[in-house]
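Paired with chain B in one complex and with chain C in the other, chain A is shared by the two complexes that follow.
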Partner chain A sequence: MTVDTQEKKIIEDPGIDQGAAKLTPEKIAQVINTTLGTENLARLYAYTKTCVHCGLCSDACHYFLSHDRDPKYSPVGKIKNTLWPMIKNKGKVSVEFMKEAARIAHTECNLCRRCVQYCPFGIDTAFMISTVRRIVHKLALTPQYIQDTAHSHAATMNQMWVKEDEWIDALMWQEDEARDEFPDFRIPLDKEGSDVYYSVIGPEPKFRTQLIYQAAAIFHEAGVDFTMPSGTGWDNSDMCMFTGDFEMMGRLKRDHYESAMKLKVNKIVMGECGHAYRSVYDMGNRWLGWREMPVPIIHSIQYFYELLMAGKIKVASTIDKLATFHDPCNTVRGMGLHEMGRAVAKAFVPNMVEMYPNREHNYCCAAGGGVINCGPPHKMTRVHGNKIKAEQLKATGAELIVAPCHNCHGGLEDIVHHYKLDMEIKFLGDIIYEHMVKTKAVEE
Partner chain B sequence: MQPATAWDWSPGKKDIWDLSKHSREAQWHEELYASPDGEKTASIAKYGDEGFGICVNGQAQERLFEKIWNLRFAPDGRLTAIVQEEMDWSVLVDDEVWPEEYAFVWGVQFSQTGGTIAASIQQDGEYGMVVNGEAWPTLYQNANNFVLAKDGSATAAVVQVKNIPQADIWTYKEGCFSVAIDGNAWDTSFMNCWTPVFDAEAKRVACQVRHTLYDYSIVVDGQAWSSTFPSVWDPCFNPATGAVAAPVRMAGKWGMAQDNELIWDAKFFNCWNQQFSADGKNLWAIVAPKFGRWTLAVNGQVWGKTFGTMVTDMTVAPDGKHAAAVGKEGDKYAIIANDTIWVGWYDMVWKPVFSSDSHNVAAKVKRAGDRYTVVINGQVHNEDFDQCWDPVFSPEGTKVMLRVVKDGKYSRIVIPVPSSHH
Partner chain C sequence: MSMHTLYNLVTGPLAWAAFAIFIGGMLAKFIYLTYLAKKKDPTVFAYLSTKHVIRSWFMWSVPFVAKNWRLRPLFTVVTFAFHISLLAAPIFLMAHVMMWSEGVLGISFWTLPDQVADWMTVIVIVCCVYFAVRRMIVPEAKYVTDIKDFLMLILVALPFITGFLAYHQIGDYKVMIILHIVSGEVWLAMIPFTWLGHMILGPMVRGYMGSEFGAVRHVKDW
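Showing the complex of A and B:
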């Protein structure tokens, strides 16, 4: 049981609490010392020896700014309350300490890497928090809901317990629906040698099938030679990366890349997800020994931009609303796609206003890094931890937020609702599909 | 279809049909495939609201379905597809639909000769397999990793044997998954099971398991190896001795274990897709001897030539002494055979194919964006095509059949094998 400082109420997470009930100080020390002694030792050592406790990273963190600059929410404060005591005490920390460390690492840091940019030494706090999560994983203290997601990944190779037939059925259903609009519409399954393999995340076939419809409609209109796999590998997401189960992360990325290799495609285009991008270009591929991506992966932001610039998708109408663009951490700080995202959004919503700060300095949605996947018990932690985002959004006066990331949508929806912002949130795919020229559609 | 020895191996080009000529006008054609002997191509045709039909060499078959997908020729030349009628699904084999229908059918597999056809099924929310039209006697609440033995005599899949209430991470950890062979699950269950595989006689099954979140191992016929590892990859059987080999991770590197003993030191950044030669004497695998460098290894000996981006599609020659694979450097692909990287980089290379005497290797390649041809023993064929399928060696290995589409015509071309470079 842990305490939410904002609400002053106890947050129970059976994943943490029941895991802790089985722990002994000896087990904790053994796991901490083995993990710290064998994994990324040099990097961690360099960071802990280099940090001068200057606190310059504090103002970078939305949790710190949203909690009246309470130092325990600063990046360095979170390390001080998790990793440092583990190192200093050579693993001799209490069960209560580990429960708190699990809660901090999983629900008070989005691994957004904003703070890294503000540390004069480039210390990667997100990497250190990720190491804490790795220890938490090895001690079986991972919050219940995200652990369930990791279990789904392991059992089904997707994060939503989607069964093999359900996946294919969802694609066929969307194909069927879309034929009312585009009579010769297809979602080609397992089409070997296609230019593009389109991959999505688990929730799309489960709850957001319209996103598959829209993306396929855009490809159809643009004349893209694409395919989707009928077997596993279609889910590019990776919550195991965030629970610190790196072995499972590697297994998922192998499945994803091998399904594309089998189909001999030129490239993978992935849907509007941020964390999945990080898992394929940085974390998962490298765990497997691939220095780069064995099959190039292009994020939808970039792909839509390329289609638009090449004139393959054209603007039919624009949205007459004041809009703002939310920069997802993993596509912006991770891959620098901020200008491409803006260019696509602006083509359809000319009246755009910037949030401040923006681009690589933008605040995280507070859902990323697996925090939203920790489920309902921790919802208010992230909502209260992102008051600054609400203020940032409100200051724009915009009615529409364009956010090209699933987690960002989830996080921003909760913020918009809680802080009563009355803003609509859309994916790039939504605005393109709704406002592009549809030369292949039936006349209405 | 005749055996390969009776196919037409006389050198020359035979135009089979003009792709624009169909006995019935269709809205569109999809999934064009060539038969193993190259004499036929088949496609799925959409006939407006009437539904989907199959077309062979432009000749429309009469029977139409609500939906058809996964059109494939079996190795014995029979034409198969997954078909839907009145919302239920079944498998079409040549002109006949298997009599039983299911709520969903996918994942059609063939035995090596094509004599057995199997598929994955879902009926009333339960999962299993159907083999030559007969479903497993027991279906499960979930199943995946479906496999048909090479000789077609058995099937297996990972099955869920215990219900997991929503977000119940504790029941999951008790072990809810097992392997079912022909529908009968092992008595033992595990937290996870992956990639079951049969031995040469289809009598034994090995798979990867995870006992806990941290302990992976290999299980053979329901019995786990005594050792556990931080991770493992797909096991395989030695066809001669019945031993089971699997890559295992130890202290952050990968090695190869056989029957619970380490046989290749754990010194690789990765090691996977291992395969025994038919005589069981050589064990081949794709390995990363350094971070970001990939090649092949045989019996633990690493080839000298490496690729920076990846190596995939390893093929072991029938004699077991030679192997070939596809390597990638940057965005270009090449063929590596017997530790020699062939001259020529392509936009894509398909899995290499060996002749039965193991002396010749060929592969389909793509270049100049969307032109296809084949490379045989390091020599590029002198003509490009709009489309082509994997090359096929004649049984004695002196000729190669190309199945190609060019200028709107499907043709079958037989050429002599150019002399070997290796």
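Showing the complex of A and C:
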């Protein structure tokens, strides 16, 4: 394994740099003080006052481990370089400091919450980094690429500037394609009273329409009564959550849930995405003041598991490659779906080895938390910041990685490529679609 | 001022003040955080779950259950020995209990044999040295340690050092016992104003996080 020991060089980002050019120290102090003085006060107070500066959280963080235990990448080290001076100096920090804080908060922490499990007090460093991002957002210092997706959310209610006709067209195109394989195939739009409302993330209609095809094919085969909306609400993704634009996050989540409620469905099933799950199940609903979800929300991992256990999808063939299962942070530390994920994967790929550590202790892919969405300028930050993942993957000797999350795919692809691991990466949907019994398909 | 009046001062009004600041400060911290959570962070209470609070406390209070305790055996032994001794020695020390029973409370409770308390005192001191050395040589601890953290360790160790010296009659006993009492009082009074306040905030954070992980996210937090 090659060791990337490079000096930390400042990466230029027009979002940060041009935003900083407009800042004054007074503005910075005012934003910091109003944010730290009014929002989520209890947790912020408890976390910052409780920390004994012991550094025990360090071993949780893949950035720290990947940089040969360089303490500036440890969870508490990152708080030291962002939040502590803001609190200590009562908001009086320099523009340069804020630029660095924006870079750290947006590209050197995936909000993966692994450190929460390692701190003996359970101090939530990810929450504090989110708070830093909130300040960065209010100061208009957010990295350019992710800010563009947040703008898209605000203008179109989806992440990828997908227009309504393009969305409908993408679905109808997939329906058309699939009819060659399954003559009765439909992607029913706006079908009131369906059992399942299926929602996906913005990039699916844009770049990965095949995934919509596959999921719909699985539902079709399993006899699921499902629908997808023609209007907004279909995109469950949420970059606003990651930039700290919580007002917009709230609007997005309300739109998503309300669109499902209008169709009087029994539940929402969402595609294989981790961050979107965090947004609909954990963050967005809280912002809206909903303790429980107005419509039950189920991640694909769980839904596939249920379909498989109920015998609605059956295994036709298995993959005989050696495979390993990558746990997305947001479905394990966010929902404990690790055993279900493994059960589904194992049914189709019997030959599985574990990475160590695994399950709720698995290392993040380093793409999550909006880091990959900060775009090409910051790509190597996360690739170098996750050498440990490459080592962990390599040690399995597997040829195939099963990863039920979009961000994880993006992150792992870059890691596999950079560290020359020669491993294939698949979604659960890829595997199920290819290897399930297809009773409703045309004879070949 | 004679030694006698000084002794009366430190065991009288100053002792009262120290205990009042300690207990009042801890109560204030508890009430303030609870109030803040109710007022400014309502999701905290919305998701609090007694079962998971207790589960989390338990899992982290037993050595070698939590993954991070298992990853660092030496530290785990040290911190558990430290915290147990730190709490048990002063509370169950014969000399202290006698003051309670003869003085304000008029009650007597179970005491530790002097020998055991003496050893526990040594354990606390040695552990403080370990923590200090660790903060000097372990990079991730050093990086976030400043002078205040070292002062805190000295502060924590002082009543134990002076108590030990007094018990073994090393040095001038009368001076030592006064130093001991004063350092013990500073110790108590400082807890609410420093990160030593983790004594009350720690279990609160732990309980909240236990609820988030257990009741909301259905996953272990240890």
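Before moving on, here are some points about what is shown:
We adopt the following convention: the second predicted complex is superposed on the first by the 435 of 444 C-alpha atoms of A that agree within 3 Å, B and C clash if a C-alpha of one lies under 4 Å from a C-alpha of the other, contacts with A are read in each partner's own complex, and residues count from 1 in each chain.
Following the convention adopted for this analysis, a residue touches a chain if its C-beta (ideal position, glycine included) is under 8 Å from a C-beta of that chain, and two chains touch if they have at least 3 such contacts.
Just so you know, these numbers come straight off a predicted model, no measurement behind them.
Using the contact criterion defined above for the overlaid structures, shared-chain residue A:Arg291 touches chain B and also reaches chain C. Once the two complexes are laid over each other on the shared chain, residue contacts for A:Thr156 go to chain B alone; chain C is not touched.
Applying the stated contact rule after C-alpha superposition, one finds that A:Thr38 touches each of chain B and chain C. In the superposed pair of complexes, A:Gly223 makes contact with neither chain B nor chain C. Of the two partner chains placed by the overlay, only chain C lies in contact with A:Gly336; chain B stays clear of it. When both complexes are overlaid on chain A, the residue A:His361 reaches chain C alone and has no touch with chain B. Contact with chain C, but none with chain B, is seen for A:Ser58 once the two complexes are overlaid on the shared chain. Once the two complexes are overlaid on chain A, the chain A residues touched by chain B in the first and by chain C in the second are 38-39, 286, 289, 291. Interface of chain A with chain B (complex): residues 15, 18, 38-39, 137-138, 140, 144-145, 147-148, 151, 154-157, 163-165, 168-169, 172, 183-184, 186, 188-191, 193, 230-232, 245, 247, 250-251, 254, 261, 264, 266, 286, 288-292, 294, 296, 375. Taken in their complex, chain C has these residues touching chain A: 33, 36-37, 39-44, 46-47, 56, 60, 66-68, 71-72, 75, 138-146, 149, 195, 197-198, 201-202, 204-206, 208-210, 213, 216-222. Note for the complex: chain B touches chain A at residues 27-28, 30-31, 46, 67, 69-70, 103-104, 106-107, 120, 122, 127, 142, 144, 160, 164, 166-170, 172, 177, 191-192, 194, 210, 213-214, 216, 230-231, 249, 251-252, 268-270, 272, 288, 291-292, 294, 308-310, 312-313, 328, 331, 347-348, 350, 366. Taken together, the chain A residues at the contact with chain C in this complex read 38-43, 45-47, 49-56, 58-60, 64, 69-72, 74, 76-77, 80, 116-124, 282, 286, 289, 291, 332-336, 357, 360-361.
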